[in-house]
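What follows is chain A paired twice: with chain B in the first complex and chain C in the second.
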Partner chain A sequence: MARRHANALLALTSSALALPGISSKSHAASPAAESQVDYRYSSYSEDDLSRSKTSNPDTRRYEIDTHQFRLVRPWGDEYDVTVDLLYETMSGASPWFITPGANNQPIQVMSGATIDETRIDMLASLRRYYGNETYGVSLGVSDEDDYQSINLGVEAQWDIDEQQRSYSLGIGYSDDDLEPTDGASAAFPDRISDASKDSLTAYAGVTQIINAQTTVQSSISFTRHDGFLSDPYKLAFVNGTTTNDSRPDGREQFAWFTRFRHFFTNLRAALHLDYRYFEDDWDITSHTAEAAWYQNLGDGWQVVPSIRFYSQSQAFFYAPFYGQARTDGFASSDYRLSPYGALSMRFKVSKAWAGWKLSMSWEEYDSDAGHAIGDVDVENPGLVDFSVISFGISKRF
Partner chain B sequence: MQLYRFPFKAMGGPCELRLYAENEVRASSAAADARQRITQLEQRYSRYQPDSLTTQINMAAGDKPVKVDTETAGLLDYADQAYIQSDGLFDITSGVLRRAWDFRSGHLPEQQLLDSVLQLVGWDRVEWQSPFIRLPDRGMEIDFGGFVKEYAVDAAARVCREAGIAHGLIEMGGDIQILGPHPDGSAWQVGIQHPRKLDRPVATIALESGGLATSGDYERYMLVDGERYAHLLNPATGWPVNSLAGVSVKAEQTLIAGTVSTIAMLKGEAGRAWLAQLGLPHLWVDADIQVGGSLS
Partner chain C sequence: MNKLAIVSLCMSFLVLANSGCTVQPVKAWERGDLARSEMAFEPDATEAGYRDHVYFSKEASSGGATVGGGGCGCN
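Presenting the complex of A and B:
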């Protein structure tokens, strides 16, 4: 019975949404009608390494404090401007290289000295809304002690009223320069003194409104990186000695991303399901699946539990350590190129009232060879577990 | 930002636009566009105007099919869905029952007359093959009056939103669409008319967005031998439905809110359970003026 009645509402709503007085432009993109300011603070903290996996007496890892500001402002009838600022301070030790221990069990060696770094990131974007068309340009810069990046992007979106569909296309370019700390110094004579890389990304997507409660979005993207793609701070253990982390100087990546959104009118809740497929010419294939439940509780309260699963295969040249050098000269023991899987759980609660919104979230991330799809022979000892706590406040005016 | 109010009359009742804007020019220009849209819908769908589309379709009953524009086709598709989802209670051909019922007369209709008029009621017999509509029998009529006012509220709201109005509301004869809360973020307090004491609200509801529509038995009715006969007629029997005095429904679109409240009234005793199962926020007032529902 209940099911039939829920469908009655669905049937009426989908007929109503086909009406020009209701739908058509009501889902077309339009400039922000109000200004909005957001601030969020996040505290990211990696769990200590287990004693059995590291040679260092100090098992502490990375901690990152992040402050994010965002301002969205309408500008005339056709434009809006968004400015994002990020300030981050990082400290701690990170994986340096892996040595074979007893029975060839891999032992992580961490960077000895505590790394202290700050990063400032700024992104400004301008969008123009022109009937059913939206055009955007963006310019971003990122600055760290040892790293500078500048990036540019353009994008366009078209809304097709009759089909309740929109198409988007975009390209982005990024130019990065590295000047590793202590590069070519007496302490680290083999560390490079400077390097650069650039990246070009193109993407295309489509969003379809199925009915008033359901939308599906799907996009593909292609990225090409060129230049120095190795990690200047990491080493690999090859044939009894350490050598610089060394990766190919080109990388092509393909990704397919699909999102499904369904709103349950009766429950005042929405289900978000996301899936991402990724592959690159370093032989890494990954799958990400995420489910989130947005529950409105009334009085401006909302809770969002979510769960994410991730699994990747290894890069073709990766090994925890090498018995002898590869003929192609590549070597990397970075856990991010190793085969592993991860599970993370997040819980967010927010309260909105009179133009204000306060939110708080907590996430636990756990990576493990056991979470991977398929068997992993040797787990990278540097795999990270972390937790993130964030507080946010935003105001519309 | 300042609040500008534009009261006017349309579709047989008092209407008002309440728009927040930076200046009067912006508010007036949005209000003028919205009123023009409402007038356009009124002229096209009125059954009183001799050159309206409704009149054209009704005049061609028993004769050739009439080709309609996209918007009208959308409205007829919507009416078709409402007919199906209400098990035939929401029927845009039931307006001819007026020929048997004269609510100013104080007299009940002759059953014989009612039976003959009932022959002309039945959306299921209308030949609707978008974009062509044909009423099979002479004397049959369709009437958009049961939902075009609510649709006009949504359409006027869309015009205002496109003009950049993000705070305000549209009201036509008690049916409302919110453009956005007051600029300070607070909700609009909307009073729902008392079905018997018409000068005071039976409830006040806070609205920040979406639509609200009300159907009541007080809009047109007569008392015969102390019995109340309202204009809400069951298209199967031709007789008024009694049990609920009023139903208000909140939905994203005012059109949906209006259709759901009308169907709930027509369902009579079963209306309350149907509303509860449908899940939209609602409020009902029964014949004893007991108030209930998820908004009460």
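Presenting the complex of A and C:
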């Protein structure tokens, strides 16, 4: 049985980060000067759940193998084209619902190792560079057995002040359809058979070159989700029995994202500092801070240690379990909506030569109520720790 | 998590960002360091896309200076 979550759009952020133009460069936008092909393999593995936190004898969780292909190709003097393909296989178990244990200690009930799923994601983008103006369009699809998404984005950038400052705007739309496995079946009569949602996001940003070694980018974004935003596979424990995960059918999000880059000429190293503030009308507020150090070692070698900190508050309707039903009918025990913090350490090494580049990276992610900025009364037992190992190869030609 | 470390990280960011607010004219031929790949806001696009996807799937937050891309039913 495949089990999918109804997390809405990733879309409007993730794959687009892979786009080459507008907002990813620290200097003025221009078409790709040469073609580039990338391949990347990543192995994602969640740590076993602590035996004291679950009633399941099998404490294993989730694993994902991901293959990414990317092609960037100049097209004439004014255009470039980017195509991203992603194929991944997912397997394992995920949190199902939480019951009160001794002294009301929350006990996680897992789905069992029932997930066996593949996802294919394709994204194509076209950009036109016209003097100090850049325009881009992108179209993407994502397909799983129980989830389909189609998305469209348009962006524009204007360089001013001899390309020392640029302004950018973007709008994206995503239309998602869910058909949960075993929905409305004899085994799961209360599970929905199908649902849909859509998401609209808009951002505005400014990029400023401060001096010959320093640049800063700051942006704000608004996102509106409408439709089925609950998780069709999760349950909540309310007044002694389980009920469907139930969330509001609308969500508005705001994010302020700022990135700082500085190059230390004498050290031949670059410092990256990122900060994001996030809030939404589910009362979730979060802070994300990341620092990375890109150290060149000579002969094409580079090492990149980095650290990322994340902390969020809980959604207003979240609880590990409920003594009584809420008057608004909402109920969710998803750890993603719980209060917690996460600390992630990462290390990457790469070697470049003659147009080729090989890279390998490792990341360790640890989430814990103790990492949160504010005090957390009850930690969600389903909080996830994971590690990722990646290998990449690219070629310019 | 040591709260002091968090605050220090945030303060370092603000101080560094603020210290650079005196904008200096930078001619095109002086932008060699800025054009280095490790000075890009996203030096490795496939890596950035992957990481953002993972964080989106496991956390409640998202948002940045981007649009486009596909949704998922991520577990």
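Here is the rule we use: the second predicted complex is superposed on the first by the 366 of 397 C-alpha atoms of A that agree within 3 Å, B and C clash if a C-alpha of one lies under 4 Å from a C-alpha of the other, contacts with A are read in each partner's own complex, and residues count from 1 in each chain.
Note that in this section contacts are C-beta pairs under 8 Å (C-beta built on N, C-alpha and C of every residue); 3 or more make two chains touch, one makes a residue touch a chain.
From a predicted model like this one, the values you see are computed outputs, not experimental measurements.
In the superposition on chain A, contact of A:T223 is made with chain C only, not with chain B.
In the superposition on chain A, A:R396 contacts chain B only, with no contact to chain C. In the superposed pair of complexes, A:E34 makes contact with chain B only, with no contact to chain C. In the superposition on chain A, the chain among chain B and chain C reaching more residues of chain A is C. Contact with chain B, but none with chain C, is seen for A:A354 once the two complexes are overlaid on the shared chain. Within the superposed three-chain model, A:D77 lies in touch with chain B and out of touch with chain C [touch as defined at top].
Look at A:F263: by the touch rule set out above, it reaches chain C but stays clear of chain B.
Judged by the touch definition given at the top, the superposed model places A:D146 against chain C, while chain B stays out of reach. Once the two complexes are overlaid on chain A, the chain A residues touched by chain B in the first and by chain C in the second are 5-6, 8-9, 11-13, 15-16, 18-20, 24-26, 212, 265. By the touch criterion stated above, chain A contacts chain B in their complex at residues 1-2, 5-6, 8-9, 11-13, 15-16, 18-22, 24-26, 30, 33-34, 77, 212, 265-266, 353-356, 396. Per the touch definition, chain B reaches chain A in the complex via residues 37, 41, 70-71, 74-75, 77-78, 80-82, 84-86, 151-152, 154-155, 158, 161-162, 164, 166, 180, 184-186, 252-253, 255-256, 259-260, 274, 277-280.
Partner chain A is touched in their complex by these residues of chain C: 1, 3, 6, 9-10, 12-13, 16-17, 20-28, 30-31, 33-36, 38-75.
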